[in-house]
Structures are given as structure tokens and as C-alpha cells.
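Have a look at the structure that comes next, please.
Letters A, B, C and D name the chains as they come in the text, with residue numbers starting at 1 for each one.
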Amino acid sequence: MKVSIIGATGYTGAELLRLLGGHPEADIRYITSESSAGKSIAEVYPHLQAVQEAKLVSMEALDEVAADSDVLFIALPHGHAMAVGKRLEKTDVKIIDLGADYRFKDTAIYEAWYKVPHTHKDAKAVYGLTEWYREDIRGAKIVGNAGCYTTASIMALAPLVKKGLVELDSLVVDAKSGVSGAGRSLSLNSHFGEMYENLKAYNVGGHRHTPEIEQALGGLAKTSLVLSFTPHLIPMARGILSTCYARLKNGVEAAAVDAAYEEAYAQEYFVRLLGRGGYPATKAVRGSNFCDLGWHVDLRTRRVVALSAIDNLVKGAAGQAVQNMNVLFNLPEKTGLELSPVYP
Amino acid sequence: MKVSIIGATGYTGAELLRLLGGHPEADIRYITSESSAGKSIAEVYPHLQAVQEAKLVSMEALDEVAADSDVLFIALPHGHAMAVGKRLEKTDVKIIDLGADYRFKDTAIYEAWYKVPHTHKDAKAVYGLTEWYREDIRGAKIVGNAGCYTTASIMALAPLVKKGLVELDSLVVDAKSGVSGAGRSLSLNSHFGEMYENLKAYNVGGHRHTPEIEQALGGLAKTSLVLSFTPHLIPMARGILSTCYARLKNGVEAAAVDAAYEEAYAQEYFVRLLGRGGYPATKAVRGSNFCDLGWHVDLRTRRVVALSAIDNLVKGAAGQAVQNMNVLFNLPEKTGLELSPVYP
Amino acid sequence: MKVSIIGATGYTGAELLRLLGGHPEADIRYITSESSAGKSIAEVYPHLQAVQEAKLVSMEALDEVAADSDVLFIALPHGHAMAVGKRLEKTDVKIIDLGADYRFKDTAIYEAWYKVPHTHKDAKAVYGLTEWYREDIRGAKIVGNAGCYTTASIMALAPLVKKGLVELDSLVVDAKSGVSGAGRSLSLNSHFGEMYENLKAYNVGGHRHTPEIEQALGGLAKTSLVLSFTPHLIPMARGILSTCYARLKNGVEAAAVDAAYEEAYAQEYFVRLLGRGGYPATKAVRGSNFCDLGWHVDLRTRRVVALSAIDNLVKGAAGQAVQNMNVLFNLPEKTGLELSPVYP
Amino acid sequence: MKVSIIGATGYTGAELLRLLGGHPEADIRYITSESSAGKSIAEVYPHLQAVQEAKLVSMEALDEVAADSDVLFIALPHGHAMAVGKRLEKTDVKIIDLGADYRFKDTAIYEAWYKVPHTHKDAKAVYGLTEWYREDIRGAKIVGNAGCYTTASIMALAPLVKKGLVELDSLVVDAKSGVSGAGRSLSLNSHFGEMYENLKAYNVGGHRHTPEIEQALGGLAKTSLVLSFTPHLIPMARGILSTCYARLKNGVEAAAVDAAYEEAYAQEYFVRLLGRGGYPATKAVRGSNFCDLGWHVDLRTRRVVALSAIDNLVKGAAGQAVQNMNVLFNLPEKTGLELSPVYP
């Protein structure tokens, strides 16, 4: 399988190189960067020396790249993948976009939250959260790989919503992420002195992963819904924990909650159920494609508190992208992804 | 003013020494420790060399200690302060307990959550969250200094609850703390390799600060209430951020929320209002007695999201204890506490 | 190949499980623990759930374990491997000891530094620093896997010493390690609150890795030597950087230094030469078996400063142990170890 | 005492504001910034809200600033203070420069290492490492405040060199610093994702603090000398540890080493002698002006290993600047600097 990466020099691109480099069926053909074209990737990321030393090329020669690839991963900032998708619409290459351009069924929602016009509204794109949309992904041309916060949050809440166990107007998602989620671009918020031993929320009520979670959960609930989503920056590099709150409907008992998680995930290799009373920890999934889930039923408040932990760069980005590639090409989903977490 | 500290070798005790050592009116007389009696405090905490080198004594000679003190700070694990308070009931010494023993009006709640019998039910104790209970504290014999999570959480929600702006059954507090909150006792949860680049929740639905927050907010609302409280461990030493969610009552607008915070805190030196849209950060209060507050009104979900940041060892423990001492002794509240945060 | 691990619940044991779990030829048979016998390893290390869930057994049934294993990894505190080695002397099982018991040719040195009698002085043991002792290892019964600091330090200095380029009485090794090097046992030095944003030296002049480095370099120099070795604790979990100082002999020029490194390592997959002027970084090797090397020639002081970075749990322990296993069993040395560093 | 700060928006400037804000004799008049002129300092550093809210002005009106100040602190990048010093030569204002422009007696050394012409060669400037140059500082017009690495390193080695106990060609300084030393300017080296759980050396053989250490030690030895100095970046915000190696001269015994430290520092409040065998830790001085010292005599190698820890922003910059101000104005040296370290 010939694979290429459009935009390989962000943290997501680098993580794709780590994972695809260890994938037995993947043969990396082209990796592109506009800012570093002509350099080897190991000049940009010295940790890749001896692991992956391909030369970065410009994406100007996109048609050539596509012609020599079975699948393209796009790891560009949002707004840039649409042009690529449209240009390659008639080719055979499969596209997995790690940005937001192809995540929304209703492109008006994309336009409202991302403030850019959508230029590829009729794309044959599916949403790439593998465990919930596997059948759609199988035959797709374009996969809009799910976001990091969204993957963690949907995984935690979907079983409850699908089974109709919780009040839909009660959903609150309090999410925490390591700083790598903000990427490799320099900013005061990612400056070591500012974020070390620091902790803060950002974008309350306005983070763009909100409508993505709402779309997925609304789809399962078969009704539109809104929820509160609050992201936080945590002084660590990798990892997301989503703490999700929902009011149980009258009469729903803890056993029904347990059953919902079991039914949804008992067969899923990448979902590790820590059970009722379980406490996922980001370090326990670091470097791996696992999503760890635990849930708590608080009868005093009639709320369920669902917790999920992922590595934002793996299950929240590059790992899930490879998982989707495996689905697209009918490989066993675990191929290249049976990575032990790196602990401690 | 002669001050003594019962239980000086925990992190809270050490922080009291830092703050009282810089307090112009405080003269430290006795510091006690059962495990390290006979040592100097600088042997236990080398950072205190040349700052504070008093010898630790056993609390066996408690009557002597009390006789030579105007105020005693108790920094013992819960369950141990009651005996001290009872034994000194008839003396003139004032007591500020940094544990939970004297925080509850209804000692049955204490007994239910802390699983120990309360042995000093008729104590003349007041709750020590200064900004909200200042007048009670002024003449008190015993102050039950507010907890760390509770201080952050009550400060954020109290103005909304007091003004009746939010639905009382909608309160969710998602709190995050640095690891020093777990103290200096060794445990796997505080082991460096386990918590570095790690993040997790604990005690969901069962943390003992829950009823303390409920007592305070219920008191302001003049009705009993329950809420969801979830604590998290964050890979940093100091700092707490509380992210608080509440549904606005019908008809309540953002301006009323702003007014509630202004009315509650505009005159408070230690409360820094970052305003609507503000983002408190734990590092911005590190080492100081400030509580930073910001709030967000999300009209899509009709929720207000209130954020507060404190240093758990200062405003969440030793700093507030000194603030309470200043109130007890009619000193200006800022005395000894005009500390700039240490940044970066 | 049937492999077993004696003492699987320390950080080194857990890392062996991560690496052997991904090794295509290794079949894990027994894992032992005295304190956790009867539990599954995933109860002790939740990150291993779904990755490795074998049950821990006691090492009492050592003969059975050995009879069903081709190779035993011993990850016990020093002093305990000798009994195992002696008991299994007549069996066919190969032994790779990750502790210090089998590292010294002259067991009197072991006894002097480790303060325990050596009870297996006539063992057929070889020193397990693969790149330098590969040929010895090939036919060995017992491998005394090199220590973490020692691996980093020897790799940096060996080419200079072997080629006779530096004054042997001028060697200074200033080494820095993440806290995981101190293991999972609880101690104040590994307590999060104490080591976060902290940095200090320990065991100056007395660290037990000193004679191990001296043995190896003295062997290459064909003379005994002493050097200064200073270990430091760094507030991170994984990684070692050794900064090594040596005075160039008169007349030696930079080109000779370059040539020494090239000659020693140009063909070594796990050694990445960053060249003269290069700066190894621990994060660039995290999770991998690489040793990154850079060197600097300072003509003002006539010193060469050699820098090496490894992951203390991989090339400094479990990774090198697997590399040695590959040598013992005539597998390509990279088997199971072609792991990309995990970055960021 | 009227004080102003030229260049107040770097980390050093912010630390000056923290310290001068708590100084009982200092009245802050002007704080300047070219990039943020017109803003309040609390907009640039939110942690200073309610602590220090002065408005930043441009330094264009330097003459006015100087006319209304008794002392100016200059916290500009090197190369910019000389113009200020020259322009104010005839005024009465005292100048404390926290950069390198006024640190060198021989300005040719400055020019060689800093690559800029020195434009104020005849300045009446003294070197500002208080404990060693106190008498010179007392009557000075301009103080060239000592650098961070240099303060730590000179404090550790000066007693040995002054007493002639060590071989001058054997000096090696291996220094480690938190990332705040690199300032608030954005760079990949200070990017959170790059430096978290990372560790590396930089500028081997070429760091500009090298000649500053050599100047001071050479002055004490009354001969010129060169030494090896290697700085490292450590994943923490604040703190420097210098590990210094020197070969004892023949016949020198441990007692002479002890005596040298005692003689040099027994009367110094800000130097805490941890004694022979002591281990300074950066966290034990965090936020304070202390320099902690320990030393080790290794008879195997005939080397003394001297260790010193400081907070790079306090004793390594702003704290020592205030200490120098106290000397300049005949205040007790501790004034405003009796700060307890902030621990944990």
C-alpha cells in the first residue's frame, strides 16, 4: 500500500511517520511540506534519524503524488484540505483528512464555526471515528478523521445517548489536553515558562470541537442537541482526559449504564473498559491507540460521570487515521497499531 | 502576637512557616511534630534553613504551648483537632484548624463523610472562608479553615447562588489540583514516575469537599442542595482550578451575572476579577493569596461557566488561615499576605 | 523462543514486557513477583491491559520456570540474581541479568562497592554492553546487562579511550537521569512534590556505576583508571544524558576524534552519530533503543566534551537486554527493537 | 528611593517588579517597554494585577526617567545598555545593568564573545557579584550585575581558587538551568512540546558566561585561566545547579577545603553552607535570593566536586540586582530580600 502525507512537519504528521513507519503494509512514498521542502524530515525532527529520512517535497506536484499513492493523509490546518480533495475527486486515491474540512454533514455548521466558506460541499466524505462509523468508512473516498477532544468525548457519551439513558439537555464535557494539541507553531500559550506548572481553560463555549461532538451525539439520539464543552490546557505534552456529565433519566439504574458500555465496546480492541468505578489515566494510554473508559453513577445527584483517556496524537489523530486506513483497505484494524503504551 | 503550629511538618505546616515568618506581627513560639520531635524544622525542610530554624517539639505539652500562644494553627489530619479544641476550650487561645473537624454546622454530615465520630459537637466554631464569613470569624474562638477545593469552588459559585441566578439542581464542579494537595506522605499516586505527564480523576461522587461546598452554597440559597464535584490530579505541584457549571434561570441575562460578581467581590483585595470572558490560570496566583475569577455566559446552552484559580497551599490553606488570623486579631486583612505571585 | 522474567513488577520488568510483547520471536512464559504473585500484571500496571495480561507467579518454582524457558531475564535488586544463576548453572537456559551481580570481572570490586559477598564467582558471565562486547555475548551462558548510566557514559568515552586520544586521568562524567531510574519503590526523593521543578546531584564520588565505567574503559585502555562520576536527578520520568569531559593528548586534533567515533559506530544501527558539534536530546530517543552521540572539541581548553543520550529504561536496561538476547540467539540485532522514539 | 526599570517586560523585568514591589524603601517610578508602551504591566503579565499596575512607557524619554530616579535597572538584551549608560554618565542616577555590557574589565573580551563593539569603554563600572565585590560596588556609578550561570559557578569555585587549593587547569563547570533562562521570546527550544521531558546541552565551549567566570576566578588567582563550561537546558522553569570539578593540589586535604568555604561565606546571609557532603537542590531556593552550597572531596580521584544552587531569576538576576542596590544606597543587604523559598 503506497501512502503519502500532505503536511508532514506538524506534530500530527510526525506521529503519522512514527506509526506508518512501523506498519507492515504501508510504503511511504511522498511527504510534503511547504516551509521545509528540500530538507530531509530528520532535519526537522531529529528523533526520526535512522527511522525515517525521506526528503520533504512541495505539494505543488500533487497530481504526481496522488498518482503514485493508494492513500493520502492530509495533515494541514483546516481550510486547506478541501482544495486537495476537490482536485483529486476523479482519481482513485483515498483521502484521510486529519483536519476539520470533511467532518461535517451539514457544511453550514462548518462554515459557522470555522469562519471559512466550504468549497467542496458535495464531497463523498464520511466521518472517521472508527468504532462508531466503521461501516460507512469501509467504502469511502474521503474520511474526515475525528478530532482529538471529540474522539475522547464521543467515546465516553455515545453509549449513554444511543441507549436513551440520559437527559439530552444535561450534557457537560470538561476536557483536558496536553500542550502538544496546540501544535508546533510558536505561541505564548505553548511557551515553556508560561505553561509549566500552569493550568487554565480556554475557548469556553466556543471551541470548534463542540459542534462535532453535537453532530455525532445528535445523530445517535436522532435529534439535535447542544452541550457545554470546555477545553483546558494541562502542563504535559501528550494526553486527553474527558470528564463527561449527564443526568440519568428517571428510572434508569446503574446496571443499564454498565450494559450500554458493554454492548458498545466489549468487542472493541482499542477500547479498554475499566468498568463502573474505573479511573482512566492519560499515561496509561500514552503512545498507544487505546481509549480507556470508566464511568460512575452518583445516585445523590442522579448523574453519570463518564471518563475517557486517549493519547491526543494517536487515537486522537494519527493512530485513528491509520485505523481508518486499515478499514478502507480491508486490513485487520489492529495492523501496525498493536503498540503498548509507554509507561512510565 | 504569639503563634504556634500543631503539626508543622506537612506541606501545609511548612507553608504556614513561610507565611508567618514574613508576618510583621507574628512571633512563632512552638511548632510541633510527633514524628520529628527534637529535630529542627530545617532538617525536615532544608529550604527553611536560615529562614526558620525552630526546634520541633511534641504536642504532649499542649497546655504549655497554649498558655504561651495567642493563636494555635492546627495542621493535623482530620479527626485529631477535636481533641485539641476540646482540651483548650476554657483557655483564651484562639484556634484555627486547617483540617475538616470544625467546618460543619451539622456534625452528622461530618460523621457521614469522614467516618469518625465528632467529639466536640458544641464547639463555638465558625467556618473560615474569609470573604463570605468575615463577620462570624471576628469574634470566634475556633475557626474551621475552609478546604482547598472548597475555597476555589465556593468563590466561583457563591455570587450566582446568593443572587438566585441559577438552577440549584444544575451545579457541576470539575476541579483540578496539583499533586501537593495529596500531602507529603508517600503513595503511588504521588510517585513521580506515576504522575509525571499523567492526568486522572479520583473519588468521583465521593470526595469529602463535596458536602462542604454544598453546606456553603445551601446556606446562601437558604435551602439544601446537592451538586456533582469531581476532583482531578494534575502533573504540577501547586494550584487549583475549579471549572463550575450552572444553568441560568429563565430570563437571567449576562449583565446580571456580571453584577453579581462585582457586588460580591469588587471590594475584596484577594479576589481578582478577570471579568466576563476571563481565564484564570493557576500560575498567575502561585505563591500568593489571590483567588482569580473569570466567568462565561453561553447563551446556546444557557449555562454560565465560572472559573477560579488559587494556590491550594495559600488561599486554599495556609494563606487563608493567616487571613483569618488577621480578622480574629483586628489586623488589616492583608497584613503579611501582600505577596506577589511567583511567575514564571 | 520461550522467555520468562524474574521480577516483572519494577519499571524495568514492565519495560521488558512492552518490548518482548512486540518481539516477533519471543513467547512470554512466566513472569514472577513475590509481592504480587497471583495477580495479573495488568492489575499492577493498568497500562498493560489488553497488551499483556499474564498472571504473576512466585519464583519459588524456579526450576519449572527455567525448564520451560530458553532465556530468563532477571530484573531483581542487586544481590538476588547470583542465587538464581548458581541454581541454574547446569541447565540450558540462558540468563540475562539486568542488575549488577554479573557485571564485574573482578568480583572483589563488586563486593567493595555493593557491600554484599559475591556467591557465584566462577560464573561464566560476560558484560552486556552489546556494541562493545558482542562477540563475547554470542556464546555466553550469563549476560550481566550493562547499567543505565554506564551504557550512556561508556558509549560516549570508549572511542576516545580505545584510540588513546585522551589523558586517562582527566576523565569526568557528569550524568543526568530522569526519576524513573530510582524505580517504583516509594521514597521522598521520588515524591512528586519534592522532585517537580527540582534538580540535584546525589552520591557524588560514590555511585556504584562508577567502577563499572572504569572497568570498561580501563579494559579498552589496557590499564586501570579512575574517573569522577556524578549522577543527577532531573524532573522528568525517562532519559539519561551523559556529559563527558576528557583532555586531549598533545598533538591530537579534532579530525582524529571524529575518526574514532566513525570507526567505532558507523555500522551500528542503534548508535546515531550527530557528529562534531551535535547535541543529543533525551526526548529524541524516548521509548527507543537508540543512543545518540555528539562531541565537541574545545581548543581553548584542549578538552573534548562528548554527549550521549539514551532512554534509561530501553538502551539503559530492557532494550539492551533484548538486544543481547538477539545476539545470544543469532537473531538480527534489531529484531523487535525497530521502535521509533515517541516525540513530542 | 526612586527606582525605574528600563525594559520591564522580560522575565527579569517582571521579577524586578515582584521584588521591588515588596521592598520597603523602593518607589517604582517608571517602567519602560518599546513593544508594549501604553499598556499596563498587568496586561502583559496578568499575575501582577493588583500587585503592580503601572503603565509602560517608551524609553525615548530617558532623560526625564533618569531625572526622576535614584537608580535605574536596565533589563535589556546585551548591547543596548551601553548607550543608556553613556547618555546618563553625567547625571546622578545610579545604574544597575542586568545584561553583560558592564561586566568585563577588559572590553576586548566582551567584544570577542558578544560580537558587538563596546561603545562605553571608560565607564566607571564595577562587577556586581555582591559577596565578592561588595566594597567596589559601594561607591559605584554603574554596576554590571553578574550573570545567572556565572553567579552560581563563581560562588562554588571562588573559595578554592582564592585559597590556591586547586589546579587551575583542571576546572570544569557543568551547569544546568531551567528554561526561563532563555527568556520570554518565542523559540523552538522554549516550546513546551519540545522541552517537556527533555534534556540537552547547548553552546558547548562557546557560552558567553564562560569568560565572565574566567575573569572572576582569574582575578582571585591573580593569573589568567581558562575552564570548560557546559550549559544544559532542564525541563523546569526556574533554577540553576552548577556542578564544578577541580583537582586538588598535592597535599591539600579535605579540612582545608571546608575551611575555605567557611572563611568565605560563614558571615553571608544569602549563602547557605550545606557543608561537606551536602546536596543543594534548586527547589530549596526557588523564589528566594539564597545560594546553597555543598562540596565533596573524592580522594580516589583527588577532585573536589562543588555544587551550588540558585534561582536564576533571583540570585541569578533580579534578586542580586536588588542586593546591589541595597549596597549602593547603604541599606542593610537583606532589605526586601528576606524571602522564604516557595516549596514545594
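Here, contacts are C-beta pairs under 8 Å (C-beta built on N, C-alpha and C of every residue); 3 or more make two chains touch, one makes a residue touch a chain.
Small disclaimer: the values here were computed from a predicted structure and weren't measured.
With every chain reduced to the mean of its CA atoms, the largest distance from chain B is reached by C. Across the two interfaces under comparison, A-C and C-D, the one joined by more C-beta contacts turns out to be C-D.
Distance between chain centres (mean CA atoms), chain C to chain D: 38 Å.
Mean C-alpha positions place chain A and chain C at a centre distance of 36 Å. In chain A, the residues that reach two or more other chains under the touch definition are 11, 180, 184, 193-194, 196-197, 235-238, 281, 283, 286, 344. Every residue of chain C that touches chain B in the complex is listed here, in rising order: 11, 179-180, 184, 186-188, 190-197, 235-237.
By the touch criterion given at the top, residues 170, 172, 174, 176, 178, 193-194, 196-202, 204-205, 226-228, 230, 232, 234-239, 241, 243, 245, 279-283, 286, 296-298, 300-301, 303, 305, 307, 309, 344 of chain C touch chain D in their complex.
By the touch criterion stated above, chain C contacts chain A in their complex at residues 11, 14, 17-18, 21-22, 45-52, 180, 184, 196-197, 237-238, 269, 272, 274, 281, 283-288, 290, 338-344.
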